[in-house]
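The following pair of complexes shares a single chain, chain A, combined with chain B in the former and chain C in the latter.
Here is the complex of A and B:
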């Protein structure tokens, strides 16, 4: 196996932060996943209805790619970014970078990652992996969601890199060029906290931030009308659990990871208030986790009457209230 | 959440979660998926029922295989249209069998590529009789010829 052997594979909660932390670690900058997420103010909420998706959905983090860009800006990391119209050139460039001993981050359609269990693989163009070597016609992949280094055939990698469609990867590759190995994290931490609070409270769009949580609470009451039958509704309700817990969030829609960030941040900036805020968001996370359990049970038991959906809606609305109060207080810290 | 409350044993699907550890510090653990550990059977049952219902509609000539695969793979029509390189309106027409048959073979190849299936699967389904389900395996492989695939049926 022709691997760039200095790369240490490690599972991570989230693919974008996982690949980024892996690439930076490989280049000499050790930073934890929650720290990368927090500095890049990744915590978020948004509720979306679009023909790009087969059903309404929600996100619990900022736009894919933003964590990478914001972290690079905050820590003054020079990142090389490459996109390719020509697939052959894009594959050749990847081979050249690997031959140079580089490890390369790539954006791919998650569906084609055939080393992962079939039941989790859906078409999603914003999955990130690190490509760390080549073995014959196979590429050696470090995927944050896989417990070990994996292999992916060149043909599947090609499909995944040029999948087309919503947020198409367009062969996107990236790798750090120049880094500071021991950056001062104090200012980036404070800036990240301020921006996260602003994003959750002040973006003037009615379906993002805290407003997005309320929108979700309202709109979930309309879901029965949008589904084919009871089993479809059950599936969509159970997907709430997937989106909050299993789709690379670290649990409770990134709220547990953010709590860990604030705990680490409190020690670095020497501010005990952040410790308290860390405990608070951990508890808010527990309530999101309870919503996940509640939704899973509802779906499994086909307990999908309007009263039950209203109950779920009210639980989500309470999360809106809790996060509104929380981010208002967090904003006051700095 | 406390580590002991979150941890689930489920080897096929493990992820990193952040938890409150025994010493009150916060950090990552690797745990199985609570949802998959408890409800995966339900997921597969719904998937099988959906597949059977869609197949029935194909057989009755009510929908095209494009609609069948798009629905099974949970894709949105706008997203799929953009992947195929046609307008959403035009794609939606191909959900009807009478429009599907007008598609050129090259377009079918693109669609099969997106769905990650051999082109031939847009015209057929392989089913194993219930009594043989535990005994037989169907394996499909594409070849260098993009329009030709090989299907092997073997005994486990």
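Here is the complex of A and C:
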């Protein structure tokens, strides 16, 4: 099958950053996934209780699309973004772009990516893939969660691009228009580190950044009252593991990915302190992984007594303390 | 010390998973090391919650860290891919 400009497919930890670095690489700007994540200050924490969510939830990164937008701004990359109400026009525009030799990023519902095994496909409207060619009625897809380039039928791609519901893709397409192939990464790295520290420490909202971790630690004690029964509570507790480890986070809620960013950044800006900070966030990541493990075991064994919930709460609170100290020190580096 | 063969490491890893997850319905010999670990076809009958237990067990037993350098899902694809990862990391001997 033919792909545009011999697109180099690669697996990645996370779909948004994986798709982005794939698109940029194809256009001539080689950047690693952790570097894109770090420059775009993707590391984050937020605990949310809202009528929009069936149950309280938390995030460990900035909202979907933010890494793309912040990286583009920081590296002065011109990215075209298109949304379509009309499906026919949206498919035609995609065909025109592919015929023009472009590779195009797309937001899709993960469920319709039928080249992936059935057991991992769930409805998730914020999956990103690169569309890198067309072969008859099939589109050629580079999906960073799949080990090789795959084909997807036009009918499934259409369903995936115009799936309804929360954060509906609305046919969203994006592609780089103008890039600098060898940008100086020093200033963007420093800016990204400063902004990440500020986001984690200083956003004046009581449920985001480090304050969000403390909020999570407090509020998890109320979860038994919010659940219908033991099965429901065990499901919600096990979701902690899924949100930290199982959703393309690179492990430990993106903390490992941020550690890799700092390691790579240390060499570029020639600052060994960043190597030390990389080691520290790696260890914080290990503790998040332990929480993930602890929660998975609790949920699986239905070991959900108030003493166990309290123990989990304390582990999370300690993470709040660790990240508060960590980002305070990281902020002092620049 | 003689170097372990890939088959020996595979058997050891399979045994480790069986022990850590308290799986009683299969023996290591009955597990196909090429079958995707989390597929319905795998004899171990794992779910995604088991993944974190496997990751932690591998980290503790072989002294490796599984992070974003190589996507976890790629490493955990099958017993064979775990073996490939351990060999690549030079971590084929148990540390505990």
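Please note the rule applied: the second predicted complex is superposed on the first by the 327 of 334 C-alpha atoms of A that agree within 3 Å, B and C clash if a C-alpha of one lies under 4 Å from a C-alpha of the other, contacts with A are read in each partner's own complex, and residues count from 1 in each chain.
Here, a contact is a pair of C-beta atoms (placed from the backbone, for glycine too) under 8 Å apart; a residue touches a chain by one contact, two chains touch by 3 or more.
Here the structure is a predicted model, which is why all the values come from computation and not from measurement.
When both complexes are superposed on chain A, chain B and chain C clash. Applying the stated contact rule after C-alpha superposition, one finds that A:259 touches each of chain B and chain C. Applying the stated contact rule after C-alpha superposition, one finds that A:235 touches chain B and leaves chain C untouched. By the touch criterion stated above, A:267 is placed in contact with neither chain B nor chain C.
Contacts of A:54 after superposition: chain B is touched, whereas chain C is not reached. When the two complexes are overlaid on their common chain A, residue A:325 makes contact with neither chain B nor chain C. Legend: residue contacts after superposition of the two complexes on their common chain; A:245 is shown touching both chain B and chain C.
Which of chain B and chain C touches more residues of chain A is settled by the count: it is B. Counting contacts as defined above, chain A residues 11-13, 33-34, 117, 119-120, 145, 147, 238, 241-242, 245-246, 250-252, 256-257, 259-260, 282, 285-286, 289, 292-293, 296, 299-300 meet chain B in one complex and chain C in the other. Across the interface of their complex, chain A is touched by residues 1, 6, 12-20, 25-28, 30, 33-36, 38-40, 42-44, 46, 49-50, 70-71, 73-80, 82-85, 88, 113-114, 116 of chain B. Chain C makes touch with chain A in their complex at residues 36, 38-40, 48-49, 51-53, 55-56, 65-69, 71-74.
Touching chain C in their complex are the following residues of chain A: 11-13, 33-34, 117, 119-120, 145, 147, 238, 241-242, 245-246, 250-252, 256-257, 259-260, 282, 285-286, 289-290, 292-293, 296-297, 299-300. By the touch criterion given at the top, residues 11-13, 33-34, 50-55, 111-112, 117, 119-120, 122-123, 144-145, 147, 156, 159, 163-166, 168, 231-232, 234-235, 238, 241-242, 245-246, 248, 250-252, 256-257, 259-260, 263, 278, 282, 285-286, 289, 292-293, 296, 299-300 of chain A touch chain B in their complex.
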